[in-house]
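What follows is a short report on a single structure.
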Amino acid sequence: MVRSWERYLLYALIAFAVFLPLIFPFDVWPNLPTREVLGVFNTIDNLQPGDTIVVAVDFDPSSEPELYPMLLAVLRHAFSKDIYVIGINLFGPAGTGLGVKALTDVGGEMGKTDGSDYVMLGFKPNLPAVISQLNSDIKEMYRSDANGRPTADMPILQRTPKLQGNIKYMVDLAAGETVRPWVAYGSAPGGYPMGAGCTAVSFADYFSFYQSGQINGLMGGLKAAAEYEELVGEKGAASAGMNSQSIVHALLVLFIIIGNVVFFRSLSLKHVGTGGGA
Amino acid sequence: MAAFIGTWIAAGLTLMILSFLYKDNPFFRFAEHLYVGVANAYIVWLVWATIVLPDFIGRVFVNLDPNGAFTPDYWFLIPGILGLIMLTRMVPAIEWMSRWALAFVVGWGAGFVIGPVLNSYLLAQVYASFPWVNMQPYLGAPAAEYVPALINAIILFICVVTVLVYFFFSYEHKGVIGGTAKIGIWVLMVAFGASFGSTVMARISLFIGRARFLVQDAEPAGHAFSILLTLGLLIAIIAAVIARRSLPPAEESDSAE
Amino acid sequence: MALIAAALALASPVFAQQADEIAVSPLDREPPPITPSVLLGFEPPTEIEARDLPNDDGTSILITWRRSSSTPEDVRYTVYFSEGASGPYKPLPFDFRPIGLGENIMANSLQYFRYSRSHRDYQYIIIDFTAFDTAAEAEYKRELKEYTKQQEEGNSPGPEPVLHIYGWDQLHFKLGVTSNGAVRLFDPTLHAEPVTQWFDWSKFNNLFMAAAFLVVILFFIETARRRRFYIRRIAGLDAVDEAIGRATEMGRPIFYLCGLDPMTTVSTIAATNLLGHVARHVANYESQIKVPCFDPIVMSVCQETVREAYYEAGRPDAYNSDNVFFITNDQFSYVAAVNGMMVRERPAANFFFGFYYAESLLLGEVGQSTGAIQIAGTDSNVQIPFFITSCDYVLIGEELYAASAYISREPKLLGSVKASDMAKAVIIAALLLGLIFSVALLIAALGDSGNALGWLGEKMEYFMQLFNEHT
Amino acid sequence: MTFLRRQLPVVIAFVLGLFTLVIFYIPAAPMQGIGDRLKIFVTIIGAFAMLLGINSILGQHITKIRKKRPGYGYSWVLILGFIAMMVAWIPWWSVPPEGTTVYYPWGGLENNQGVFYWMFFWILVPMQATMFSILAFYIASAAYRSFRAKTMEATVLLIAAVIVMLGRVPLGTSMTSWLPDTGFWGSLRMEEMTSWLLNIPNAAGFRGIVLGVALGIIATSVRIIFGVEKTYMGGGD
């Protein structure tokens, strides 16, 4: 039973734990890269200039804090190695805008041109149909890109008329259940390796696919984004948030312990009161 | 200039939505309704500009590519007409016609998913549970690597089988099956625990993202937010302390109303 | 490990090739006559063959060879082509990446080759003939653009470009090795023509299982219409009955939520089935049930279900349609409203069945704080943990479907649960068989890791490979 | 009429379902060609279906305004937001980017320029992102009052959750960084425990669930193809 002042106190504690490290940044705890993130990083790192990868922007602003830094880091990495990037969004309409922004921002920063070094294909409903069709022909499915330009003469799509056999890697940055469809309808029939980045919500879910090797890398949540930023060597939004994340986690663990202590004490008191044993 | 105004508006809307933490209030309602309206207009644009226009109209009626030759492909009248039939849902009298379009999409999906799902969700997952398959990279490795890998491969196998037994409904959970199912539920609990821990992480990350926007990204509008927020938080805490004194101790919250 | 080695091996030739290309266009270039010693000393691979690529739509061919015994670094396999058997042999006109000595092993590619241990010594390259046409078309477009540009500028543009058409029956190939831009080609001349296939044999295992499962499902659904199957009683259902009993004792209402998904999803259908069961008990006990709905269609179905339940219990007079009501179609507003009601009315029991999103946390937490007995059932993996920590009993995933089949006794649900059980039994049997094979192979592999248990071992491996994704 | 209403949809679903199921096993170009075309067809139909949701939301709020139900002022906000975004989409508000020709002038994000994009980025994105960040606070209060080790199962769950929560942040991994890297003690490091937990029991648990999900999807699909399952068509006749 929590009284309302207690609730607001908890809220205030959480808010402080988040805001203070952001206002006064410090760098104490090292963020060690995990094997799962290295899976994605190494695959992209081992590609050669001129290879094409697909980066699926399968999230919308509701998971932007976790996945957008990841997207930026992956794009930086790919562009710095002169890898062509095909962006696509099959999760929700609002993801298209985020994908366009990330590609234009990072592409502009790295001196890449839209249409020849990268392209953002927009949103289409009916995920299995779109993924599967991209394996056999992109331009039939996408007659225009997210900016409304026709794809018929785009150099990047001339080089990569279909995904099967033409792309070297595929990274799905997923807020929802899009990783498994990408495996089943895209990567497995198309024969290209695949990595995934997801929100921490579905992170644990995808380990059965990571263990089986159907995805060769798995980035989960803000921590993975921060790791990738560090691997690429450009600390950004995700790294900045890790201190807050650490402190809030410690706080929550503390809450859970206190809550349980209170709970068990009240239980034992009740038992004593009614004369019941343990 | 656009970014400056934008930042203020975005920050204001962010705070309006966060005010839901206190309770459901007019600011939250305003922001929420604005959001739904804008988001829906965005969807209309998206459906029209990136699907209906290039894929349907651009294929059958109008040439949209000034550089290319145009040959109308009348096969695409089929999805166009079915799509319009789908819209009969809006008219209750002929609503039943939309079933044709629905049956087209649903029937297609039903047939399409069986093969890939069987391949990737079922066969590949079973394959990756065999200890021999999981031990492939470790064959010939030194004992210090081989033995832990072997133990892990066996544990993984046992866990998969026990979970499958737990979700087996044709027998009562008694005897051997009951014991196995019991292990299965523990395995599931560990899995759900992992999922739980990382979901907690996700929710915190989302707030960190917004907090970072208010504190760091909102540069164009100055550091006003940081100061305002810190003050606001202090007030909240003081209010909580005062509330504690004034409230009768037994009263419970009407949280999240 | 192999991947990193291959990448290291590849780093240098790229730059070397770029330096060469400044002088001559790669298309016109014969392989350089002087080859470095690393290539001259390379033991040629044997059994080089070309044939049609199996299991494809008739556009590609396959070149296979037995791996060479020499393994120098920096050397990769490449393919040169010629139109006509006599030559000259040129690099492929499209982007072709030479493959490393450890890549493209036949034993790892079950889409084209039946599993066999001997295939570990063979490598393959797939050549897609449509890539020739695409390359010719791109070349033509490029030349045409240049031609028109020259014309517009008033220069003499030279001869008008023509689209080069590759005769698929004229294409001949030679396998070679390459290192730092130098190439050495091997005999013999390779030639094969692509053929269209009408059945993908690599998917035979898939087809077999799909067909078997299809028959089993239809069989069980059909049988379920005629007789009852045994399904174990889900423990959560007992908890449901207890909770209703307690609510009656306390004289407080019961809250029943059907989740946030529309009527078409399995979990919502299951939730409405269970609602029928709960409502019947409630009607019998003369207790009160409230069903706040998220979706208008779900609401009308729920109203129907509850009314029927009251009729069945013989108490149609006690039914009050105002107790099943629509709140709003917006997630957070819905939760706020439901939580408000929970705090005000202090229900004795809360049931959360169906599919939930992030609101599970809020519902469970507030419900618990009011001291209600809570029972949840959802197939949303992510939300199950929140229910487990805040509810007294949780139906996990498929248990929800099974419970609804148990309650409703609807043939299609019962038959599906039973068919899934059969499939699971087969999977468990296959897994146990695989375990026996694995143990045998692992013990044998301690002595001879390459060829454990001889042909019997190969058959055992073949059995496990049947479950591999064939890609 | 009954045929058109009841049987025809079932027939359509049966024919299409069986056809797409069969061509999965046929690699030949003519079959795959038809299959590819069907994929584009269903995408286009799906796009129209997306408009249905919008109709129902707008309809709901227009009724609310007409009948002056409580809180209809907010419905005005919704309608005005909708109209504003629609107007922002009109091309003459935006300047085409330098050097590119916008062939579909009435569509597109115009590469991050224009009012439409401004509204997307400064109104839609922050609000959608904030909506779920509220949950951070609820998790905190739920951690305190409802994450209880009431049963043995819940205890296991909470212990696993605490390990993952600590093992997935730098602070948690720093707590055990004094342990040696390798050997038995190394495996007690927070990140190693988390990694083992995620890779072995967690992967196995979710694998069991995925296998069930796969069987469920296939069973539903079979029921749809053979007309046993008709709930997708909605109630009534």
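Note that the chains are named A, B, C and D in the order they appear, and that numbering of residues resets to 1 at the start of each chain.
Everything below uses one rule, namely that a contact is a pair of C-beta atoms (placed from the backbone, for glycine too) under 8 Å apart; a residue touches a chain by one contact, two chains touch by 3 or more.
All values derive from a computational prediction rather than experimental measurement.
Student: Considering only C-beta pairs in contact, identify the chain pair with the most of them.
Tutor: Maximum number of inter-chain contact pairs occurs for B-D.
Student: Please name the chain that ends up farthest from chain A once chain centres are defined by their CA atoms averaged.
Tutor: If we average the C-alpha coordinates per chain, C ends up farthest from chain A.
Student: Any idea how many Å lie between the Cα centroids of chain A and chain D?
Tutor: 14
Student: Could you tell me the distance, in whole angstrom, between the mean C-alpha positions of chain B and chain C?
Tutor: Spacing between the chain centres: roughly 18 Å.
Student: I need the residues of chain C touching at least two other chains; which ones are they?
Tutor: Chain C, residues with two or more chain partners: 203, 206, 210, 213, 332, 358, 362, 365, 369, 381-382, 385-386, 388-389, 397-398, 424, 427, 469.
Student: What are the residues of chain A that contact at least two other chains?
Tutor: Within chain A, residues 1-2, 7, 11, 14-15, 18, 62-65, 94, 96-97, 124-126, 129, 132, 144, 146, 148, 150, 180, 188-189, 200-201, 204-205, 208-209, 211-212, 214, 220-221, 223, 245, 248-249, 252 contact more than one other chain.
Student: Multi-chain contacts only, two chains or more: what residues does chain B have there?
Tutor: 20-21, 32, 36, 39, 42-43, 49-51, 53-55, 64-65, 105, 108-109, 112-122, 124-129, 156, 160, 164, 167, 188-189, 191-201, 203-204, 206-210, 252-256
Student: Chain contact topology under the given definition, line, ring, star, complete or other?
Tutor: complete
Student: Quick one: in the complex, what on chain C touches chain D?
Tutor: Of all residues in chain C, those touching chain D are 55-59, 196-200, 203, 206-207, 210, 213-214, 217-218, 221, 263-264, 266, 269, 297, 300-301, 329, 332, 358, 361-362, 364-365, 368-369, 381, 385-386, 388-390, 392, 397-398, 401, 412, 416, 419-420, 423-424, 427.
Student: Give the list of chain A residues in touch with chain C in this complex.
Tutor: 1-2, 42, 46, 48-50, 158-159, 161, 165, 188-189, 191, 201-202, 205, 214
Student: Which residues, counting only chain D, touch chain C once they are in their complex?
Tutor: The contact residues of chain D facing chain C are 21, 24-29, 32, 57, 60, 131-132, 134-135, 138-139, 141-142, 145-148, 150, 153-154, 157-158, 161, 206, 209, 211-212, 215-216, 218-220, 222-223, 226, 228-229, 231-232, 234-235.
Student: Okay, in this complex, where on chain C does chain A touch?
Tutor: Within the complex, chain C touches chain A at residues 3-4, 6-7, 10, 14, 95, 97, 111, 126, 128, 134, 138, 369, 381-382, 469, 471.
Student: Once bound in the complex, which stretches of chain B touch chain D?
Tutor: Checking each residue of chain B against chain D gives 2, 5-7, 9-11, 13-14, 17-18, 20-21, 29-45, 47-56, 64-66, 75-76, 78-80, 82-84, 86-87, 89-90, 96, 99-118, 121-122, 125-126, 128-129, 152, 155-156, 159-160, 163-164, 166-167, 184-198, 200-201, 203-204, 206-210, 213, 255-256.
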